[in-house]
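Presented sequentially are two complexes of chain A, the first with chain B as partner and the second with chain C.
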Partner chain A sequence: MKQLNFKHIRIIAKYHMRFSLRNGSGIVFLLLTLTTALIVASMFIAPVESMVDGLNDMDGMETQMTAGEMINEIGQSEEAESAVDWLVGADSEGKFLLRDKPALLSCIMLIILMLLPYLVSFGAFNQFSGDIANRGLRFILLRSERINIYLGRFVGTVFFCLITVVMSLVLLVLYIQFKLGVYQGIDLWVWGLQGIVAFFLLCLPFVALCSWISGSIDSPFGSLTLCLLTVGFPGLLLMMMNIYAKKDFFDKFWPTGWKYGILNSNFGTVALSAFILLAFTAFFLFIGLRSFQKRDL
Partner chain B sequence: MTNNNPYETSESSIGGSPDSAVSVQNITKNYGKQTVLDNVSFEIPKNSIFGIIGPNGAGKTTLFSIAAGFLKANSGSIHVLGINVEHVSKLMGRFSMLPQDAEFQAGIPVLEQLTMFAELNGMDKVEARKAALEALKIVGLEEVAKKAARTLSHGMSKRVALCQAFIGNPEVILLDEPTAGLDPDNARNVRDLIREYSKNKTVIISSHNLKEIQNICHNVAILDKGKLVENSSMDNLVASRNVIRVELNEDASAEVQAALLALDCVIEVISTDSQSFDLVTQNTGRKETLKAIYGVMGEHDIYPKSIQEGESLESRFLQVTGGKSDGSSSS
Partner chain C sequence: MSQGNRPGGLTALAVINFVFGGLGCLVLVGLFMILGAADQVTEGQVTADVASSGSVLFPLLFSVITVALLIVSGIGYLGLKKGMGFKMGNLYAVISIVGSIVSIIMMSQGFSIGNIIGFIYPAVTLFLLNTTFKEDFVN
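Up next is the complex of A and B:
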């Protein structure tokens, strides 16, 4: 820890953010995340809109509802609540997420939380692997300790994720507010803010995991493949284990098992989930850093 | 000293001789069962230009990479300016390197990358930008400052890589194959730059171009199969024996070589290729020796293309590395 140099970490993080944006991988991650957010939102809104339009077009059938009101109505149905309870893995959370909070934003956030680990892989897979492959990292290795390089690039990637997450949620909230106009503005923004925290906290362990993979593999393509597999494989395994009674138990051994905790109605669960996600981050960072410090570069 | 966890202690960070810019102590590096460097030790004096040569696979780049902290040695240590290179940030700005084959970030302007390096050397942003521009000016590439690295030719990239090594006026500079892959004009420019900017600095160069090493360096170490086989000042190395290099316009016949060897003043004849050979002579009257040699060649109706006194680095290199002119072929 004596080699830790915060000035170096700041410089490396700043330039890593800037370079990844200009090299293209950052742009891909940003556009992919924003596009995903909008596609998920339109998946909920578009069918209802066309249904309302269809009803309005029928002779003598003037609906009393707007698309937003209809979405809200559907969201507050028992079927929707049951579906959310099943997804979140808690019995009473459907009511909280769909009735007490803006239902549409809750649903969109739940879907994006499922996809976020994969999206993060696109933003974090090339923290080191490309520069190890072309030996460009050697220009920096002589100027700073490995711990500063590793943490600097991790911090840079995390900040980039934070910017992306904030942009996605702001875009979503604005889209819902102006498109549907059924929610109180303040409710929507406060819930969106909690969504930003949830998205950001879920990004952290996966960025740290990708740092570890990217720092261990000399090929960017190999790193991306392994990041996606590592992020996705435990999820697939758990989905397959869904038939077994202990699925919820095993789910907790991977960060994705805690992804909905930050949006929970119980503050204790929110705090515990945040703590566990941070603990996963620290664990992946520690292992990745150890491996990066020992390996030949 | 093993480097299982080089980041744990700070006591090991200080060492080496105070007169040395670089102190290499018992460095061993293995890749699996293959030993690439075998207990290599030597000292590089301050303010000198030091050449490291060796055949392909001798371990030159590995040694440079360990010195720069890219690779971890299995045992041994390297101190630069008295500081163990495992703690490289303590040398911030005092030690730099031109790594072999390292590439800049393709889509990023050169100036921005150099500014980052200068900031890591301890300069503030304004100072760093100025230093980066000055370094580009040194290598004559100010006009590419705002261009992306991918738009540079190989020669330009090499010069930019060289310029990053000169940023911030470092005291010790490692140059790994600085002229490799360059056309003769660019190679000469790089050599001139090295000569010009190596004043009051310690520059360590690895190269396959032995003539280049002989012309630039004050000292030289020869590595072969991971072992240090020679370490000497250039003057000592090339003047260590009385050698006359003879180059002919035709093949040097065994008969001529035998006749030359029969002279009292000639100790050994070493073939370097079919049309040239080195004569190792007694340390007595140069004039008489040359007269006798010319005489023998005249008798055999052979006229030399050139006769050069003093051993070349190349012939010494071939001898110590067991090349084809290692003495065993002398007639």
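Up next is the complex of A and C:
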């Protein structure tokens, strides 16, 4: 740990964030995340908007509701509540997410949280593998230690992912606030902020996992494939085990099992989920760093 | 700067341009085939209607121009060409954004979330070409 140098980590993280945009993976991640977030939002908003427009165009059928009010009305329904209860895996959370909080933003955030681990793979798969393949890391090793390079790139990738996700969420919140105008501005922004914290905490273990894979493989394509498989497969397998064994704890052995805990109504659950996600991050970082420090670069 | 030093991001932008340009080409070819078939049935009435109606002609012309610019700038990105890559890429982004704004104004429904999706790629292109890749177009 004597070799740990925070100044080096900061410089490497800053450079890596800038470099993320210069290599293809950063651009693909940026476009994928923005497009996915907006497509998810449009899945909820566009059908209602066109229905309201259609009703307004028909003679004598003018609706008294705006699209935003209609979306809110649908969000308050019992069907929507039971759908959210099923998705989150908790009986009373639907009421909290749809009635106590801005329902539309809750629904969008739940779907993005489901997709986020896969999206993160596109942003984090090439932290080291490309540079290991072309022996570029050897030049950086002349100036800093492996631990600083590893942690610096991890931090840089996390911040790049965070900035992209924040951009997506800010776009959505602005649209919901100014175009639909059904929620109180302050409620919307506070809930959006908690969503950003949830996205950030869920990003961490998966970026750490991708750092480990990327540091172990010297092929960017191989790294992307393995990242996507490793991020998705265990979560799906544990979820299926939950269904077949009729239990609800198997998915807790993987970070995806804790993703909705950060949006929970109970502060204890929020804190526990955050702690477990951070623990997963520390675990993946530890084994990734161990493997990176031993390997031939 | 030699071709070997082309940043991966520019290659990615070029590939995305070709994908969007190719998809746009397919849509346009399909549209022209439908127009041609409709023309045969109505003895040229459809083409005359399209030519006289701004609400049909404008999006059609706009699509042809953006598809052409996407493909040309994609080739320019690969060759790190200042005129064909940097300038055409910027032109595509500006025309695309202006076109989207005009179409929002012309449409009766007004601004929708779908319009923001349409803005993303041109806006990202404009940003990246003028910041991250500004110095890379050396040919």
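Quick note on the criterion: the second predicted complex is superposed on the first by the 291 of 297 C-alpha atoms of A that agree within 3 Å, B and C clash if a C-alpha of one lies under 4 Å from a C-alpha of the other, contacts with A are read in each partner's own complex, and residues count from 1 in each chain.
Methods note: a contact is a pair of C-beta atoms (placed from the backbone, for glycine too) under 8 Å apart; a residue touches a chain by one contact, two chains touch by 3 or more.
For clarity, every value in this text was computed on a predicted model and none was experimentally measured.
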Which of chain B and chain C A:3 touches, first, second, both or neither: first
First (chain B), second (chain C), both or neither touched by A:142: first
Partner chain in contact with A:186 - chain B first, chain C second, else both or neither: neither
Partner chain in contact with A:23 - chain B first, chain C second, else both or neither: both
Contacts on chain A seen with chain B and repeated with chain C across the two complexes: 18, 22-24
Residues of chain C that touch chain A when the two form their complex: 7-9, 11-13, 16, 109, 111-114, 116-117, 120-121, 124, 128, 132-133
Contacting residues of chain B [partner chain A, same complex]: 7, 10, 65, 68-72, 87-89, 92, 95-97, 99, 101-108, 112-113, 116-117, 119-121, 161, 164
Chain B-facing residues of chain A, complex: 2-3, 5, 8, 11-12, 15, 18-19, 22-24, 131, 134-136, 138-145, 147-148, 293-294, 296-297
Residues of chain A touching chain C in the complex: 18, 21-28, 30-31, 34-35, 38-39, 41-42, 45-46, 49-50, 53, 171, 175, 179
